[in-house]
Amino acid sequence: MNGKIIWTLAQKELRDALHNRWFLLYTIAFIGLSLALSYMSLAGAGIAGFAGFGRTAASLINLVLLIIPLMALTVGAQSLAHEQEQGTLAYLLAQPVTRVEVFIGKYLGLALSLLASLGLGFGIAGVVLALANGAGSPMAYISLVGQTFLLSLTMLSVGFLVSALTKRAGVAIGIGLFLWLTFVFLGDLGLMGTAITMRLPVEQLLWLSLLNPLQVFKMAAILDINATLDLLGPAGIYAMQEYGAQLRGVFLMLTALWILAPALAAYMRFRLRGDF
Amino acid sequence: MRLLSQARVAGSVLLLLLFSAFTLPLRASASGQVTPQTVAETTQCGHVSLQAMIDEAEAGDTLVVPAGTWQAPIRIDKPLTLEGQAWPVIRGDGSGNVVAITAPNVTLRGFVVAGSGKSLDREDSGIRVSAPNAVIENNRIEDALFGIYLERAADSVVRGNTILGMALPISRRGDGLKIFYSPNTLVEGNVMRDTRDAILWYSPYSVVRHNDFADGRYGLHLMQSDHHLIEENVFRNNSVGVYVMYGTSFELRRNLIAANRGPSGYGVGLKEASDVLMEGNRIVGNRAGVYSDSSPLRPNTTVTYRNNLFAYNEIGLEMLPNTQNNRFQENILLDNGEQVNVYGGGDLTRNEWAFDGRGNYWSDYAGFDANGDAIGDLPYISKSLFDSLIGVQPELRLFQLSPASDALDLAAKAFPLFAPQPRMSDPAPLTQPPALPPTPGLESPPTATNIVVAVAMVGVALTILAAGLRRSKRQRRAISAQPA
Amino acid sequence: MIEFTDLTKRYGKFTAVDHLTLHVPARGAVALWGVNGAGKTTMIKCLLGLLRFDGRITVDGCDVRRQGRAARQRIGYVPQELAFYKEMTTYDMAEFYARLKDAPTTRIATVLEQVGLGEHQDKPVGALSGGMKQRLALGLALLADPPVLVMDEPTSNLDTAARSQLLQLLVEVKAAGKTILFTSHRIEEVEALADTVAVMESGRLHFTCSSGALAQRIGLRTQVKFMVPGHQIDLALDILRGDGLAARRNGVGVIVDVAHGEKARPIHALGRANIEVIDFELE
């Protein structure tokens, strides 16, 4: 593996991100919405005489859950499939580069551009909040950004897997959108329905929901901000009592698994592919 | 967050110490005219024990005790005033009580009391009072299982003490302040950290004012005790801020009740409490702002909420479905995760959500005010499908903050067939938040740090983006410098 | 320099390249000749490691499968039509590939001048003409000054002027001592550039020959149309047929079918008979 080549490819992805209309649109939407949320929470803080960061953070979690997976999934799904469709991928692979370099370079570049997008969104909203005395603990804010970045990496990995398994960008994005729907809505709604009809015990409910990386993010973020999961009712309390201090580790492990497993699978598929 | 709160605790303790250091000498000279010579003698002789000094003193004497460490246990069995000078330490050996007061009319002031036993059965205490009319003032109690324990000590005063609990798991801690069968006690200006409860049990007509109770189980626990005024206290970071169990006639005014969390974390818990008035309290960031079970219990009494702030709680008001005769007026319900929850499902329609034509301010009110009287023309109705679901099946709280739960509510609005029955309705919602009285403990956030952090985030983002462009520009200069 | 040993590539049941063995000597220039689907492009993709295959390919002793990077470091590749990142400028594009190939950035200016794009380096690649794009592709291939140049139909999408311009460049490159492997279906390109031609048919190597002998070996024929005065058309037909050429009338002229390399023969025949040739064109 050659670091210079990887960085060259990553830089290329960063440049492309700056030219990518979708990427810019997502970023602007994210900045705009987080600003709107900050503004709303500031209005509240004025009434209460209290910083409402807890609630801002909660709304931000909701916003992040909606937008960030969409952004990361579509960006990831396009990554390989789009270049393959354009024919640029074959030409790239005909250069003295290895596939692992191409894969890591692309992943790194997209991950960095996602980080930049998050930094802008959270940063600008954070400046506004802080200037208006509406912000809470800076550590909680930083950890929320960190958790969000990890979430975006899980979705980026899933997107890469989709991209490695398809040849056409349109198909890849379609699958990406379906997965987004599944992660954000269908999975949770299905689980809610199951919980209601089958009367699932909290333990099973907790673990079933933790199969969804979005839920893992949500719980980890709430844990960072509130230092407890009692917001999440019996299942959250069960998690606190059963796993307590290990909970952070569990969340981190699950997140790491969601980042690494799809990325590895995507790489294996990409490496073995012989149809460029 | 934890760092900050520690700093805050340390800060307030420091302030208290400073404050006490200035006030102590004044008080000593004011009351020290009775028998000053007793003091002068004992201070000359380092070997004399505090207990010996007490044994030698006459009833009604004032002992001014100099700085130094004094061996416990100490028993005060006659009416005496003990004034500590520059914080003398009374140190126990880790067993039993440190100071036991068995006579009425004892004043203990200006001491550090430390090192009680750890037996919950014997209720080992820092200061244990079992006679009326005690004054426990400006002491610092640390490393004690129970801090100050008043048992059949009516008409006592507990004022300006700092009580720091033992670093034990909550199940093995004792109560920082236990007031048992001691009516008419005044609890004022105390600071308490890391203990179990401050509990008043069978001690009617006691007043709790200007205290700061944090990091325990119940900030204040009122148990089978009537006629209390709870005023301008701070109850923070406990499991429950104030728990009122089985009693009649309570006034809670202008308290700050914040960040009380945990599995059954409430700002204020009411269990079979009758004739309650809550006015001007700020109830912020708790798991549930108020938890109400069978209150009021007595017929013809009410629980009245006026001009309180319920903000940023996971649940603003959590009530059992049997709750009735609660009256609400001019409260602010601001951005609670769930404004009103009926625990176990059902509705709260047998309560007055407005009276005298004025209801409450709801931050999620979606009506309008056409005639400009600052009262919404449509009632505020709480009927969220997801909220109803979690009322019936609390495990589903797991899906709070998920877009899926929002989608459910949206679907219920689009298809009214699925819309749940309204759980409550405020007929006269306010369109402007009413003014709130000040409460203690308001703080401003760490603005400068936050700006730095936020700007740094933007900076990181821009640096990353710049990395995508930087290199080619540098190289371009190289090529243009080269002759073609 | 390049060795294909028993190369076989199957797509499902279809065999695109069938047990093919071919040697490209150092500094040699080999053209792959054959109809579409004969397996030329497949061979090149195998050589670049883009496809999985059976058999063995080495470049300068480097196994394409096991030492892919080393093999590709020795190859400059010019695709049939370069797929571009359209929004990049010519210079940025060259710089990007220079860094991937680990070529010194000073080479960029040299190469862009060499392929005649020195003045277009700030243009977005999407705005370049077809000929310029193909010259850029050649430039990119030459960035790291590799010993081997591999090209897949390098001139197929170009007009006549652009084609001859590129061909001229390629001749210079060959003279500089590169080993060249390319596919083509243009006889003049093969004759100008290749030493040896490998003629392929259905994935097999049909035969190899020198580039000069190709036209004859494959019996390449050309249709030439002559314009002669109207009253002499019948005479012209007679004379041409008498000379053993297949000729037929076409409007105001005649069309003659001649072998590659004999296109002047009908002119001489008509000249000897004093028939005026007003004009002619190659069909």
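Letters are used for the chains, namely A, B and C, taken in the order the chains are written, and counting of residues starts over at 1 for each.
Simple rule for what comes next: contacts are C-beta pairs under 8 Å (C-beta built on N, C-alpha and C of every residue); 3 or more make two chains touch, one makes a residue touch a chain.
On a predicted model such as this, the values are computed, not experimentally measured, just so you know.
When chain pairs are compared by their number of contacting C-beta pairs, A-B comes first. Farthest from subunit B in terms of Cα centroid separation is C.
When every chain is reduced to the mean of its C-alpha atoms, the one closest to the centre of the whole protein set is A.
Note on chain placement: the centre of subunit A and the centre of subunit B lie 38 Å apart, centres being C-alpha means. Centre-to-centre separation between subunit B and subunit C, using Cα means, comes to 86 Å. Averaging Cα coordinates per chain places subunit A and subunit C 49 Å apart. In subunit A, 12, 15 are the positions where the chain touches two or more neighbouring chains simultaneously. Multi-chain contact residues, meaning those touching two or more other chains, occur in subunit B at positions 471.
Counting partners per residue, subunit C has no residue that reaches two or more other chains.
Those residues of subunit B lying in contact with subunit A across their complex are 1-2, 4, 261-263, 265, 282, 284-285, 287, 309, 311-312, 314, 332, 334-335, 337, 363, 389-390, 393-408, 433, 436, 442, 444-447, 449-462, 464-465, 467-469, 471.
Here subunit C touches subunit A in the complex through residues 45, 48-53, 68-70, 72-73, 75, 77, 79, 82-85, 87-88, 96-97, 99-102, 144, going by the rule given at the top. Here subunit A touches subunit B in the complex through residues 11-15, 17-18, 41, 44, 47-55, 58, 61-62, 65-66, 109, 112-113, 115-120, 122-127, 129-131, 133-142, 145, 184-185, 187-189, 191-192, 195-196, 200, 202, 205-206, 209, 214-215, 218, 222, 226-228, 230-237, 240-241, going by the rule given at the top.
Residue ranges on subunit A touching subunit C, taken from their complex, read 4-5, 8-9, 12, 15-16, 19, 86-88, 90-98, 274-276.
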